[in-house]
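One chain, subunit A, links the two complexes that follow: it is found with subunit B in the first and with subunit C in the second.
Up next is the complex of A and B:
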């Protein structure tokens, strides 16, 4: 099936969504996604960040779709034409969605441990307005303790349901979910029961905002001051491939490896994540690369610096021969006649 | 005029050792001319000042020593977000964050605070980027004329929170002034 996104065509399998097709093309036209997660079944369709304009439904029915479509849950049709970043309506919708997501967000990035690798931060940086229009009081929740490893900040949550799906699909018997409805909806555990599962730590990586963060890393370091390394260890529960966030010789945090869309490549177990903070436990493969404009690259002098060499003709920096003679240099002494003229003077 | 006699810089002066006349060799005219210049300058406005008794006015954009501010209730504003250290071109700032306990609510404004905040004054170039980056209006470069106190020990130039945080009396005075206005 052929689909055209922002003028770029690609052949895809039937059943692919517009978002997946856009990711195959890559570049600027990939819609942002806050709730969709390619590794989790049934995710997507909630945050409305990925809205796109379908300017031609399909080859059989070329009428445009009247409303903007959520690209993560809309399947492609043969001959479909989609406008993502090239559409004024889409950019306007993204701006509005960002504003809506930020209505109840506490905007406490200076305190939040997710700052620097936060999807909501990136979204509002790219698509949001610089100023808030919201003057009412923000919705707040009582802080809740959900176990020794994971810190829950319900105020920051955007209800993307990713963590619920992770718990559902990765672990047996999930103990947390979304309680209440509407404005009161919140992530919580059943009567504050501690989340205690081998793979529960993946909720931290999956969370697009700072609602679920690593308690063992709480306030330890800003992410951009850490040095991220790819590392692995033999683990009988998971693949053991992780990113270590080092400060000096100290491992401050262990996370799974995330791809360009900040999605986990392979889920890791809690033992790897929380219990191995000794560098001797790991085989370090090398520094981890991040996208060019990521703040994590700041102050890491990993780029090789080459000495500057000026490619010029020989002696060009000394000047032309006649000029050198004029500015009476030592190398070009005066001859006898010139000397005599100088002595006598021209008065 | 040939290329050899043209002055490229325009400042070329031919020097000659021509014989002086008797009047010229007395130097009377030359000495008088020179003295006139000296006397003229005696009546001109002085360009120097008597430092340190006098001091020049500071420029409106003068940047002196840093200060970590307190808010109206005397709590520290800094939350150790690290943006000052990130923006610092000289990499002079280091910090360590800690979590506020319920008993410390009157000391720090947010749930996170800087337990260690150090500026290496030997590295600092007083560019003011930290002040610009701060999202909490916590760090300011003051108008203090003393930028860094001299010392012979390098350790003395690493300023910790004891030297940087605004004194509590100053915060109280500021709040009183604000209330009076």
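Up next is the complex of A and C:
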């Protein structure tokens, strides 16, 4: 079957979706996808980021489709012509969806562990507006504890349903799901229950935003300061092929290996992910190649780095004593009166 | 006096019960269909009748039936959509409550036409008493041999179940209804595949509105050609209209399609005009999701033709100057109504009922509601009107199911036709601070305040 996307033609198998065909072509025409995940059956169609214009239905029926189609769930037809980035309508729709996804998003990237490898950041970088038009109060959720390994931040969730499908398809006995409806729909276990399953950690990997993050990695490091290495170990539960996110000799985080579309190549088990933080447990294959521009490779260690030497007066970085007192650094000794004032205030 | 098809025997005492219903000629269509017609002939009759889906979209029922996948050999299902939750629409409740056997007769005949052996009525949870009425009626039908094994000795079996929803508007969308019936979360499915190919439990399924199914017995008894004679153009047959609002006689009426809106509004046989001497301000002709019409476009179309109660005439002029017949929720407003408040109320409903599956609808409906609430309570800004327009434009057409469109259309129409009223709310917040701000001072009297000034 021949399909043309933004003027680039490709031959694909019947049953391929437009998004898959676009990914085969690659480049700028690939629609962004927040909810579609090729490894998860039944995913896609929800976020509406990947809407494309079908300007010619097929060779047999050349009429254009009146509505924009979700490319991740629309199969290609022979002779189909699709406009992705070349269509004003599509770009406008992507802008709208980005705006919709962001209005209730807390925009707390500075304290979010996902920042730097977040699909929503990428989407808004490309299609977002600099200024918000939403002046109302954002909707929020009560924090919920779903166990020792996974941190749930419902406020950041964009309801892609990926984690629900992961639990459905990878594990037996899913204990979490989507509760409520509309903009109050939330990922929850309903009766407070820890998600305790050998493969539950993959929910972190499939989450496109910072709604599900690794508790063992929480607030440890910005991801762009970590150096990713491919590594493997003999695991009797999973393939054991992982990416180690190292800082010096310390393994700060273990994830599955992700491809250029942030989809994991193979799912890994919780033991590999959470319990082996010692480099001796792993056979390190070498640094990971970056497939795509991202904030992570701004700190690219495969390039030669010149050490930065700060030439200045000795002790100047410590600051003046008076300033250090102001910001109450604990190493500055206070006398008894000052301490009293600091604790009780100057009344 | 208009012709009555569905409500012909509505005034017969005891028509709720099987005995009286049977005495009045009930279940004749089942006898006729099973004894003298093949399933395909029944489908053909319904096709000839030109019956259009009464749930809102107006898709021809016969055509929908002919799409059902009979080749795959999988069991087929008929599901009756009784999840009537559209604000302003209550015709199905009336039908099911007062003539439950008509629906059951329709279900049996339609199931026969489609070759189903297992059919469902999906009723909304709020209609619990109607649910009980239907359960009783089905029990009576089983006892009389119209349901169960080997009906009338033809060897054809049919089981009919009533399933009660749990209070979600979205479950009136056919694929969400199917999901809900399967016991899952009522999220609309992504189409294709359409239910006619893969519906309930991945089997071919037809989902029809209560009123569409209730019209089938008459069509079978009196032939489709006879049905097609009623009505006008492609809007054939009769339609139940649920009238509410500031009219004199609100209620459920059966009209022949093609009746003039003027006659329906003002004749004593139907609504009998306005409830008091306050003039007509606006009309929602088809339930909350269709565009609102301002007074000057109600009785006449933009070209000056009489507006009729039909699918075509009500949508004449597109969304710029027309509306839709929808599900027939006829809401009449007089000049005490605040269109902004009304729009906010509708938006609040769609915000509450959005399933939250796709982003534009989940986030957009909430945003619309919040902005409208701000305008209505006097905290609006001038740019909010443009903002509303932009939000609704971005929701419409970009969602999985029509709920996004249904949330966007009323807002769009309100801004299109009543923009000055929005401006009045923004510019004179002190005047609209009370809920009844248009009762003492209707908008006509203060219109000059927001009129464009000539320099």
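By definition in this document, the second predicted complex is superposed on the first by the 298 of 347 C-alpha atoms of A that agree within 3 Å, B and C clash if a C-alpha of one lies under 4 Å from a C-alpha of the other, contacts with A are read in each partner's own complex, and residues count from 1 in each chain.
In this text, a contact is a pair of C-beta atoms (placed from the backbone, for glycine too) under 8 Å apart; a residue touches a chain by one contact, two chains touch by 3 or more.
Just so we're clear, the structure is a prediction, and the values are computed from it rather than from any experiment.
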item	value
First, second, both or neither for A:184, with subunit B first and subunit C second	second
Touching partner for A:109 - first (subunit B), second (subunit C), both, neither	first
Partner with the higher number of touched subunit A residues, subunit C or subunit B	C
Subunit B versus subunit C as contact partner of A:73, first or second or both or neither	second
Touching partner for A:1 - first (subunit B), second (subunit C), both, neither	neither
Touching partner for A:225 - first (subunit B), second (subunit C), both, neither	first
Residues on subunit A lying within both footprints (that of subunit B and that of subunit C)	none
Interfacial residue positions of subunit A with respect to subunit B in the complex	108-111, 115, 218-222, 224-225, 295, 298-299, 322-323, 325-327, 342-347
Residues of subunit B that touch subunit A when the two form their complex	3-4, 6, 8-9, 14-18, 79-83, 85-86, 91, 97-99, 110-112, 135-136
Residues of subunit A touching subunit C in the complex	44-49, 51, 67-68, 70, 73, 92-93, 96-97, 99-101, 103-104, 133-134, 136, 139, 158-159, 161, 177-178, 180-185
Subunit A contact footprint on subunit C (complex, rising order)	168, 170, 185, 190, 351-360, 362-367, 370-371, 374, 387, 394, 397-400
